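What follows is a set of structures for review.
Common to both upcoming complexes is chain A, partnered first by chain B, then by chain C.
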Partner chain A sequence: MKRLLLITLCSLLPLAGNAMTPEEQGLEIAKEVDRRDTGFHDFKATMTMLLRNKHGEESLRHMRTKALEVEDDGDKTLIIFDRPRDVKGTALLSYSHKTGADDQWLYLPALKRVKRIASRNKSGPFMGSEFAYEDLSSQEVEKYTYKYIRDEQLNGKDALVQERYPVDPNSGYTRQVVWVDKVEYIPLKIEFYDRKKALLKTLEFKSYKQYLDRYWRASEMFMQNHQTGKSTLLTWEDYKFRAGLKSSNFGKNSLKRAR
Partner chain B sequence: MKERFFRFILDRKYLVILLAFIATFAMAAGMKNLQFSNDYRMFFSEENPQLTAFEQLQNTYAKNDNVLFVLAPKDGKVFSRKTLSAVEELTKAAWQIPYSLRVDSVTNFQHTYAEGDDLVVDDLARNAASLSDEDLQRIQEIAVNDPLLVHRLISPEAHVTGVNVTIQLAEKKLTEVPEVAGAAQQLAQQIEQKYPHIKIHLTGMVMMNNAFPAASIKDMKTLYPAMFAAVLITLALMLRSIPGTFSTLIVIILMVLGTMGITGWLNIKLSPPTTTVPIVIMTLAIADCVHILVNFLHGMRVGLAKRDALLESLRINLQPIFLTTITTAIGFLSLNFSDAPPFRDLGNMAAMGVILAFIFSISLLPAMMMILPVKAMSTDSRGSRAMMHLAEFVIRHKIKLLWVVGGSILFLIAQIPNNRLDDQFVKYFDETNEFRTATDFATDNLTGIYLIEYSLDSGEAGGVSNPEFLRNVEAFAQWYRQQPNVLHVNTLTDIMKRLNRNMHADDDEWYRLPDKRDLSAQYLLLYEFSLPFGLDLNNQINVRKSATRFIVTLESISTQQMLAIEESAQQWLATNAPGMKADGASPSIMFAHIGNRNIRSMLKGTTVALVMISAILILAFRSLRIGGLSLLPNLVPIGTAFGLWGLLVGEVGLALSVVSGMTLGIVVDDTVHFLSKFLRARREQGMNAEDAVRYAFSTVGTALWVTSFVLMLGFAILALSHFQLNAGMGLLTAITIGLALVADFLFLPPLLMLFGGRTK
Partner chain C sequence: MKNWFKALCLFPSLVCASEWTGYIEGQGRYFTQEPFDSAQTDSTLSLAFEPEYYHAWDDDRQSFIFRPFLRWDSQDNNRTHADIRELLWTHVSEEWEVQAGIGKVFWGVTEARHLVDVINQTDLVENPDGEQKLGQHMIKLSFERTWGVLDIYALPGFRERTFPGEEGRLRSHPRVDNDLASYESSAGNKRVDLALRWSHSLGDWDIGLAHFYGTSRNPLLQPIQNSANEIVLAPYYELIHQTSLDLQATKGDWLWKLEALYSTSDREDVFSYTGGFEYTFIGLGDSDMDLGVLTEYMFDERGDNAPIAFENDTFIGLRLTANDEQSSELLTGVIKDMDSSAWLYNLEASRRIGDAWKASAQIRLWIDVPEDDPLYTISQDDYIEFNLARYF
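And then the complex of A and B:
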C-alpha cells in the first residue's frame, strides 16, 4: 500500500511540476500531508512545555491531550492540565473547524463551571508559551492558502518548501514557510511571519517516531521567538493511537469528568 | 637638538607642509566611519548597576522601548465617531511599524464582560464609524474609569488619547531607530491628512533616541559656523596679521579633520557630548598658535629677521606649550573615570586634538609663516601698558588683594552645597526640539514619560495567583496612587479584580481580588486563552508566573523628588511586604543616579589628574614650593565656579560632573605660563619677586587674557547648544576659565610675592 503510494507520487510529482501553478502545487503538498495523516481515528499523549525567557528563567507546564478525528470537519481535542498545580484539572475542549472560528470551552475546577471562550480572536500565547493556540490546533487544509516555493535540503533531508497564508483575518501571522519532508510528507520546520511581515518565530520538529506503522509524530517541537528571545520546548510522550476514545469523551459535559 | 629640529622645520618648510597635509588626509580618511549613536543607553557604562537592573527586568518580561502617538482632536472629544475611527485605523496600521511588538490603544483595549455564563473578551471599540451615540457614551464611561487606561492612554476629560507601540529593536544596525521613527512620523502624517481635525504628537523612548543625532546635527549647523566666525574675528583683532590668522586657521582645520578622522578609525560613535569636541579643540589650538605668533610678531617688531624671530619664539614657547599640552591632555583623559561613555569619548578625542594641535603649531605653523609675507608692524603697546598698570596695582595692594580675593573665594566655595542634582532626560533637549515639545504636550495632557518599574516577586512558581501576594501588590498600588505626582500605576491586580467581577455576572460587589489561589490561576488561564495576538500578559507576568511587573508613571518631577519617592517606596515594601522587595528600575531611575555616580567617579578622576599635573609642574619648575603653590590657583577656579553656579543656577547633573576634570587641564595652562615667566625672571635674570611679577605680566599678561578670552568665547558658544548637557557644560567651563584668569592675575602674584621664596 505504502509502496504503491510512493510510486504513484514519484510519477505524479515531476509531472505536476510542469503542469501546475506554484499555488496548485502548494495545495497538493498540503493535501498529501493531510491525506497521509487521516484515518488514525483517535490518540492520547502527554505534553510537557519548557518555557524559557531571555534572562534564562525556566518554567514547566504538564498536560495531557486526547484527540478524535472527525469526518469532514476539524478534529476534536481535549487538553487536561496537570501542572502548575493551581490549574490542575482545568480542561480545554476544542472543536476545530475547516472553515470559521474553532469552538472552545474551558472547565475551571475552582469554579466547577464550564466557560465558553467567547473571544473572536484566539491567537494569543498558549499557557504563556511561545506557541499560539493556532500553532497547536488541528492543521486543516482549508485554514490556509498555499504556494510551492522550491526543493531544498534541510539537515540532510530532501524537503519541499511551501508558503502558506492564514485564511482567518484574526490570525497573528501573514505568512508561514513550511519545510515538508519529501519522502514522508511531514513538517520539519515552520517559520512564522508577523503582521508587519517580519520573521517572528521558528518551529522545529525533532525526533519523529512512527505509530501504527503509518502516523509520524515529532517527540519534540522547539519554538524560538526571534523578536523577544523567548523559547518553548514542547515534548510529546506516551502516544497511544486508537485508544478507544469516542465522541462522548469530547462532549461539553464530559469536561468536568475529564481526568 | 631642539634648535636643529626648529631649523629643519624652517628650512624644509615645503616638505613640512606637504607632510602635514598627507598625514591629515590619512587621518581624515577615517571620517567615513563616523556614525551617530542613537540610544539613550549610550550614557550608561555596561557595569552601571541601574542599567543592569533595568536590562534584567526587560529580559524577564519584554523590552519597553516605545513610540507613543498622542492624538489631540481639535474639538476636544476623543469619543466621537471620526476621532475613534482615526484611533482604530492608527492602531491597525501601527502593527506595520518595523520592530513593533504590540500596539495598545483605547480601541483595541481588551475589554472583558460577562454574557450569561461566558467571559467575553473583545476590543473596546470596533468599527468606530458605525457606533451609535449611546455606544460612544458607554465606551467613554468604560475607558475613563478603567485604571489601566486613564492617565495612560486616555485623559480623564477624554480630550486626548494615546496609541502606544512597544518596540523591540534587533539592536544590530544603527538604522533601526530612524527606521522606526520615520515609519511613525509617516503614519502620523497619513492620519493627520485623512483626519485634519486631529493633531498628533510623537514621543516615547524611540523618538527620544532618534532625537539625539537630530539635536547633534542641528548643533553642528548652528554652533560650528558661530565658532568659526568667532575664531576668525578674534584672531584678526588679536594678531592684526592676515598671514598669522590664515596659518592659524589652516592649523585649526587640519587638527579638527585629523581628530575627527582618528575618531572614525577608532570607531567611536558620535553623541551629543562629542559633537562639542571640534569647538573645544579649536579653542585650545588657538591658544598654542597665539602664544607662538604673539612672540614672533613681537620679535619682528623689535627688528629681528623673520627666521630669527620664529626661532626665538619657538625656543621660549616650546617648554610652556609642551607642558600645557600635557596637562590639558591629562585633564581631558581624566574623563575616562566618568561612568558615562560619551564623556570618556569626549575626553579621549579632545586629548588627541590638543596633542595634534601641539604638533601642528610647532611645525606646520612656523613653516607656513616662513612662506607667507609678514610685515613688521608698528608697535602696539596698549595691551602691555594696561598690563603694566595691572602689575603695579597688584604689587601695591598685594596684602589687601590676598584678603579680599581670598575671602571671596571662601565665600563662593561655601555656596557649592546650593547645587542640587537634577538629570531629567527630557530636559536635555531644549524647547526648539520636536521631541521635547511633543513630550511636554503629552505630560501636560495625557501621561508622563518618567516611569519606575518593579518586578515584584512572590518567591514561588505560580505565586502571582497567591491571594496574599496579590493583596500586597494591591496595597502597594494603593499606596503609590496616594503619593503626590503619581499619574498612573499599572498592576496585574486591576485585571484580577475585573476578571473576578466578570465571573460573577459583572456584579460590582465582586470587584475585588479572588480569595483562592486556584481561582486566580484559572481566571488568568481563561483570560489568556481569550487574548489576541500581541496583547498577551507576557509583558506583565514572567514565565514561572512567580513575579509580576508593576509600572508607576510620574509627572515631570526633579531627580530629587524621583529618588525620594522611590526611597519611600522601598521603606513601604520593607515594612509591609519585605518578601517582594525589589529595587525600582527604569531609564528615569538610571538618569536619576547618573549625576551622583559621575560626580563620585569624576572626583576620583580629577584627583588623579591633579596629582599627575602637580607632579609634572614640580618637576618642570624644579621647585616643590612653586609646584605646591600652583595647586591653589589650579583648584580655586573650579571651586569658585561651582559656588557661583550654586548661587546663580543651583542645578547640576551629568554634564557638569565632568567640568572639573576638563577645566583642570585648561586652567593649569595660565598658571604654567605665568609661573614659567616668573621663574625665568628670578632664575635667569636674578630679579626679586616684585620685578619678576612685573616681568611675567609684561611678557605673558596680554597673551593670557587674550587666550582666556578666546577660550571663554569658545565655551560660551557651546552655551548656545540645543542640547542642555552641552550648554551647561560650556557655560560652566567658560565661567571657570574666567575665574582662573582672575585668580592668576589677582591671587597668584600676591601668593608668589609673599610665599614664593627668596631670590637665589
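And then the complex of A and C:
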C-alpha cells in the first residue's frame, strides 16, 4: 500500500508544474485527499465541544459518533448527544450523498419520535457551536469545485493552498481556503468566507494521530469566528476504526436505540 | 445506593454500561378566567420527577430501561399520579429486534394532532395537548430489511385514559369518573390488542402503513348517575379495527405531511385525516435563526357529530428556532374551527439555563367556543404555565 502511495505521489507532484490549469490542480489535490482517506470502512469516536463566547463564558457539549463508509456515495453517520442533559439521548442520523441533499432523521427521546428533517439547513450552527452542519458532514470531492493557489509553509510544514467553492447554493459559504499538508494530504487549516465574501471563520486542525497505520485524524479542531468573537474547540477521543459497524447500525431502529 | 446499582451489572467481566439520569421539574399554572364549577381551582403548583435507569450488556445487544414518572399536584388529586413510562428489555440481533415489558411508541408526522399514534394511552391530566402518554405493556418484534421496517406488537393489558378530578381545570362538565369505565370486549382491560406497522424511506419520501385491532384508546363519554347520585361521564371503550397511513415528503425547505385513518367499530365507520406542510426560512435576516411556517388541515367525516374537537379545522403556526447555545425555541399558532366561531391559541417556548436547567412556558387560550363544541367545557380554562426543570 505504501509503495502505491509513493508512486501516486510522484506521479502527481510533477503534474503540478506543467500544463494543468489551477482548477485541475485543485481537483487533483482534493481527489488525493479523498483517496488516502478511503477504505477505513467504519469508526467510532467521542466528541467534546467547548463553546466560548466573546466574554469568555464557556459551555460544554458531549457527543458520540459512529460512521460507515458507503461505496460510491457519502458516509452514513450517527451522532448521539450525551450533554447537556436535557438533550441526552437525542440522535441524528445522516446519509450523505456525493450529489444532492443529504437525508437526515432526528430522534427525540422524550416523545420517542423519529423526525425526518430538511437537510438543506446545512449552514446553521451545530448545537449552538461555531461549527455548521456542513463543516461536520462527510467531505465528498463532488461537493466543491477547486482552484490551486500556491505552495506555502504553514507552521513549518509544506502546504498546498487551494480554494474550494461549494456546489450547493444553500451553503453558508462562497469560498473556503484550505491548507493541505503536502506530504500526508490532510487539511491543516481552513478559512471560511460568508455569503458576503467576508472572512467568517478559521478552522485549525491540531494534534493529528494516525490510525490503522494509514488514516490521519486531528484530535483537536479549533474554530474561531472572526465576526462574533466566539470560538469552539472540538476534541475527538477514543477513535476506534473498523469497530465492526454494519449498515444495520445506521437504520431507523438503531436511531431509537441509540444511547 | 450506587454500589447496589453496580451490582445490577451481573457479568462484571463483560463491558457493561449503566447509569441514572432524569429530571425534576416544578410547574405553576394560572387560569385567567372564572371556572364553570366553583370547586375548580384558579391556580396550581406541582412537582414532577422522572428518573431513568439504563443498563446495557452483551456488547450492547441487550439493554434494560426503567423510567418511572411521578407528579404531585397541589389541587387536583387525579393529577397527583404515578406511572411506569418504561420498564423494557431489548434484545437486538442482526436479523431482528425484540422488546418486552412496558414501553412507549410514537407513530406519525403531523404537528397539530397525532392522529395515527395509537399504541399508548394519553395521560390527559398532564397536558390537554395529549402528547404525554402512559406506559403500555407490550411485546414487540421488529425486522429491518432493504424493504423497510416491519413492527409486530402484542399489547396485553389496557390503560384507561387519565382525566382531571373535581378540583382540576381543563376537564369536562360533568366530570369523568374512571371508576365507571366499561368495555365492549368481554375481557375488559385484560384483552390482548394487536398491531402491525410497516415503514420505509424511499428517497425524499417516508411512509408508514399500520393496522391496529383492539380496544380504542379514545373512550366514548356517556352521562350516567353514580352511586353518590351525581351525574358524571362514564368512559366506554369500544373495539376497533384501524388502518392508518402516515406520509412525509421532504422537498428542500418544504416538508409535506399527511396522516389518514379508517376505523371501524360495531357502531360506525370513520374516515379522518390531517395534512399540511412546514416551510422553513433558514438563517432569518442573516442571523442563525430559523423560522418555520406550519399549516395543517384536520378533517373527520363525522363532522359536528364527531366526539373529537378537530373535525374541520385549520392550524397555522410559527416555529422559531434560535440555534443558540441555550437551544431557545418558540412554537406558536392558532387552530380555527371552519364551521364555527371557535379559536384555539397556543404558545410553547423553552430555553436552557446553564448546563443543567431548562425553563419553559405555555399559553393556551380558547376563544369564542360555542356551546355545542366538544371544547366548550374547557373554554373557561385559558391558562399560563411556567416550568423549571433540573436535569441530572
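Please note the rule applied: the second predicted complex is superposed on the first by the 250 of 259 C-alpha atoms of A that agree within 3 Å, B and C clash if a C-alpha of one lies under 4 Å from a C-alpha of the other, contacts with A are read in each partner's own complex, and residues count from 1 in each chain.
Methods note: contacts are C-beta pairs under 8 Å (C-beta built on N, C-alpha and C of every residue); 3 or more make two chains touch, one makes a residue touch a chain.
On a predicted model such as this, the values are computed, not experimentally measured, just so you know.
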item	value
Clash-or-fit label for the pair chain B, chain C on chain A	clash
First (chain B), second (chain C), both or neither touched by A:Tyr133	first
Partner chain(s) touched by A:Asp86 [first = chain B, second = chain C, both, neither]	both
Contacts of A:Thr174 with chain B and chain C, given as first, second, both or neither	neither
Touched partner set for A:Gly124, first chain B, second chain C, both or neither	both
Which superposed partner A:Arg113 touches (first chain B, second chain C, both, neither)	both
Touching partner for A:Thr202 - first (chain B), second (chain C), both, neither	neither
First, second, both or neither for A:Ser59, with chain B first and chain C second	both
Broader residue contact with chain A after superposition on the shared chain, chain B or chain C	B
First, second, both or neither for A:Leu51, with chain B first and chain C second	both
First, second, both or neither for A:Gln227, with chain B first and chain C second	first
Location of chain B clashes with chain C - one stretch out of 22-30, 58-66, 76-84 or 112-120	112-120
Common interface positions of chain A, toward chain B and toward chain C	51, 53, 59, 84-88, 111, 113, 115-121, 123-125, 128, 170, 172
Residues of chain A that touch chain C when the two form their complex	51, 53, 59-60, 83-88, 101, 103, 111-121, 123-125, 128, 170, 172, 246, 248, 251-253, 257, 259
Complex interface listing, chain C residues touching chain A	17, 21, 23, 54, 56, 63, 90, 92, 94, 97, 104-106, 108-109, 131, 142, 144, 149, 199, 201, 206, 248, 250, 252-255, 280, 282-283, 288, 290, 323-327, 352, 354-356, 358, 389, 391-392
Complex contact set, residues of chain B against chain A	56, 59-63, 95-101, 115, 117-122, 168, 170, 461-462, 465, 503, 516-523, 525-526, 528-538, 541-545
Footprint of chain B on chain A - complex, ascending	51-55, 57-59, 81, 84-88, 90, 92, 104, 106, 108-111, 113, 115-128, 132-133, 170-172, 194-196, 198, 227-230
